[in-house]
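Each remark here refers to the structure printed beneath this line.
Chain naming follows the written order as A, B, C, D, E and F, and within any one chain the residues start at number 1.
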Amino acid sequence: MTVTPSPEAFRAARAEGNELLRSSGALFESFFSLDGAAYAPGALPASVKELLGLVISVMKDCEECVYYHLERCDEERVAREQVLEALQVALVGGGSVAIPLLRRAVSYMEDLPTLARQHPWTERRG
Amino acid sequence: MTVTPSPEAFRAARAEGNELLRSSGALFESFFSLDGAAYAPGALPASVKELLGLVISVMKDCEECVYYHLERCDEERVAREQVLEALQVALVGGGSVAIPLLRRAVSYMEDLPTLARQHPWTERRG
Amino acid sequence: MTVTPSPEAFRAARAEGNELLRSSGALFESFFSLDGAAYAPGALPASVKELLGLVISVMKDCEECVYYHLERCDEERVAREQVLEALQVALVGGGSVAIPLLRRAVSYMEDLPTLARQHPWTERRG
Amino acid sequence: MTVTPSPEAFRAARAEGNELLRSSGALFESFFSLDGAAYAPGALPASVKELLGLVISVMKDCEECVYYHLERCDEERVAREQVLEALQVALVGGGSVAIPLLRRAVSYMEDLPTLARQHPWTERRG
Amino acid sequence: MTVTPSPEAFRAARAEGNELLRSSGALFESFFSLDGAAYAPGALPASVKELLGLVISVMKDCEECVYYHLERCDEERVAREQVLEALQVALVGGGSVAIPLLRRAVSYMEDLPTLARQHPWTERRG
Amino acid sequence: MTVTPSPEAFRAARAEGNELLRSSGALFESFFSLDGAAYAPGALPASVKELLGLVISVMKDCEECVYYHLERCDEERVAREQVLEALQVALVGGGSVAIPLLRRAVSYMEDLPTLARQHPWTERRG
């Protein structure tokens, strides 16, 4: 059991790891390109694709994938309520074993500009 | 290995099975209600939620779930290209082990009114 | 999508396949022995172990494993209501993607002597 | 790779996360209610249901779920030997990829009043 | 529960489905190319890569993937005993829930020229 | 999210945990023996079996299993390029949700004598 990381710590660790992976063989690089192509806006906007990536990540219990797609949802200005509804669909689809990762997801959202709850009466952390 | 069913055969088998399940205990019925609530339109439209359900189904290798969400996408008038992009996100997310189920998905789409390819030069099957 | 098999058809296919597997290498045979040891009554009675095997099978989406453990539950005189409660725990734990296999489970139970619903007003099938 | 948490640390983190999740939408709260209903004693006693939850958690590789159900087994006075037999069924069912989580499970049990090994010759830790 | 298909029936259904999938979007085609690149001989020979693909398929419970990689192992002249040892590693790694798919694997092998058991005293089927 | 452990820290934690598990019941010990038998050299050399174990571990998202099989590959003198090709097969097979674990794998390899990249211009760490 670990502490949910800050966005800064997550981004730094992810960037370093991806750099190492990309430099370890051309096929890794090709896979990253294909992944980028799949998430590029097309018939579906980027916001919807990021929500798809988010529920995929929950269903596969991929903690770091969840943080990444939450970041991308935040960048694409997906509303907090929309992300929460996607997580609810994932919970009903994947069952209670998804709950620990959902706890982390809502905790991580607290440090993202668009996705955090609004606290008019208090300072936001971070 | 089985043949991809027709929508009519799938719907009939699913309805019969769900009836048996619902009548087997109140908790099954409660779960179906919760499932319905998660997919009801809210901050996200029903069309996006059905695409979420579709990729969840591919990631969990749930053949009948895929057919069901394809039917729902069809009813919600999701465009064929949008469904295909969602399936592409699922393929990149879940890898080549998803290919057999994706083969069935595109085959099943052929018999759905909105999601089938258009064949201006030939008769549609079904 | 397939039809739920009859207990007779399932047992015959399973027995034939297991025979082929056991004769394909000593390690397969050793694994079957270990499996038998794990399910032997000990601190837990066989009935509880079969319920454990049943929910494991649902969580891993193993259709034939589900039929096998339903047969074993039937032999161990586990009550229908107990099996249904175990399936409900599996549904809440594994989510809606488990529903197609649960439909098959309750259908298969109809042909098992102890686990079928009682129909005082009509002939049982099978 | 992380250190197995103490029961106190786990309970505190879990309670805080669940509170955040429950307050993030009515459907999360509804799911928790359904989960509670599935585990309530009925045709099966709570002790058996907790063992079912334990093996489900191992099969889905859900570390925090394992700790939770071990705590509940402890509260329900399930015997150490019964929990170990359930874990053995899970190991044979799910294979060697379950071993790292089983290592954590038996380590976590050491700090639970009922489930710890007895050490007549030495002080218990914790 | 289905009957294990003949190699001819499997190849025909697979080819038809793949054709439909490839023609459904450029990204599907790109993924197939990447898949081909990953399995091309390099630092590892094709035979070892096909064994990797085989165990991946068993771990992900992908029935059609198993048949495909068995065909490829057969073409690469992997010995029957080598395939069986790979399946044994998969069984120990993935546990008893893999048994139904392993039953199908050894059944399918019977109709492949290199991988079938030798029956010096009797006619081979197929 | 955690830091990738050093080989020394991993080995120590694994050894301690396995000791606890083995002493918790004879069936755990039996399973370890069967696991050892499956990986013993036979028709396939140990090096190939360890690569099988590695991709199994990636597909099942088992972090500690990945470290273990990387250590064994290193001991069996599997070449870095061979391990990387096996990881590429796993990536294409399991999709982008495997990326976080692959990042850890290539990071862990840096501290293994045979599998680390060569740095002719600088001191190796560790």
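Assume a contact is a pair of C-beta atoms (placed from the backbone, for glycine too) under 8 Å apart; a residue touches a chain by one contact, two chains touch by 3 or more.
Bear in mind that the values here come from a model prediction, so they are computed numbers and not experimental data.
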Inset, instruction - Please name the chain that ends up farthest from chain B once chain centres are defined by their CA atoms averaged. - result: F
Inset, instruction - Look at interface D-F and say which pair in E-F, A-D or C-D is its repeat, using the rule that over half of the contact pairs are identical by residue number. - result: A-D
Inset, instruction - Work out the mean Cα position per chain and let me know which chain is farthest from chain C. - result: A
Inset, instruction - For the sequence-identical pair chain E and chain F, determine the rotation angle of the Cα superposition and round it to the nearest 5 degrees. - result: 180
Inset, instruction - Could you tell me the distance, in whole angstrom, between the mean C-alpha positions of chain B and chain D? - result: 34
Legend entry - Geometric centre distance via CA averages, chain B-chain A, whole Å: 24
Inset, instruction - Starting from the mean Cα coordinates of chain A and chain F, work out the distance between those two points in Å. - result: 27
Inset, instruction - Return the residues of chain D touching two or more other chains; collapse runs of consecutive numbers into ranges. - result: 2, 27, 31, 34-35, 38, 56-57, 60-61, 84-85, 88, 91-94, 96-97
Inset, instruction - Would you identify the shape of the chain contact graph, picking one of line, ring, star, complete or other? - result: complete
Inset, instruction - Mind listing the chain D positions that touch chain B in their complex? - result: 27, 30-31, 34, 37-38
Legend entry - For the chain B and chain A complex, residues of the former touching the latter: 34-35, 38-39, 42-44, 48-49, 51-53, 55-57, 59-60, 79, 81-82, 84-86, 88-94
Legend entry - For the chain D and chain A complex, residues of the former touching the latter: 2, 4-5, 9-10, 13-14, 17-18, 20-21, 24-25, 27-28, 31, 35, 56-57, 60-65, 67
Legend entry - In the complex with chain A, residue positions of chain F that touch it: 1-2, 61, 84-85, 88, 91-92, 96-97, 99-100, 102-104, 106-107
Inset, instruction - Note which residues of chain C are touching chain A in the complex, please. - result: 91-98
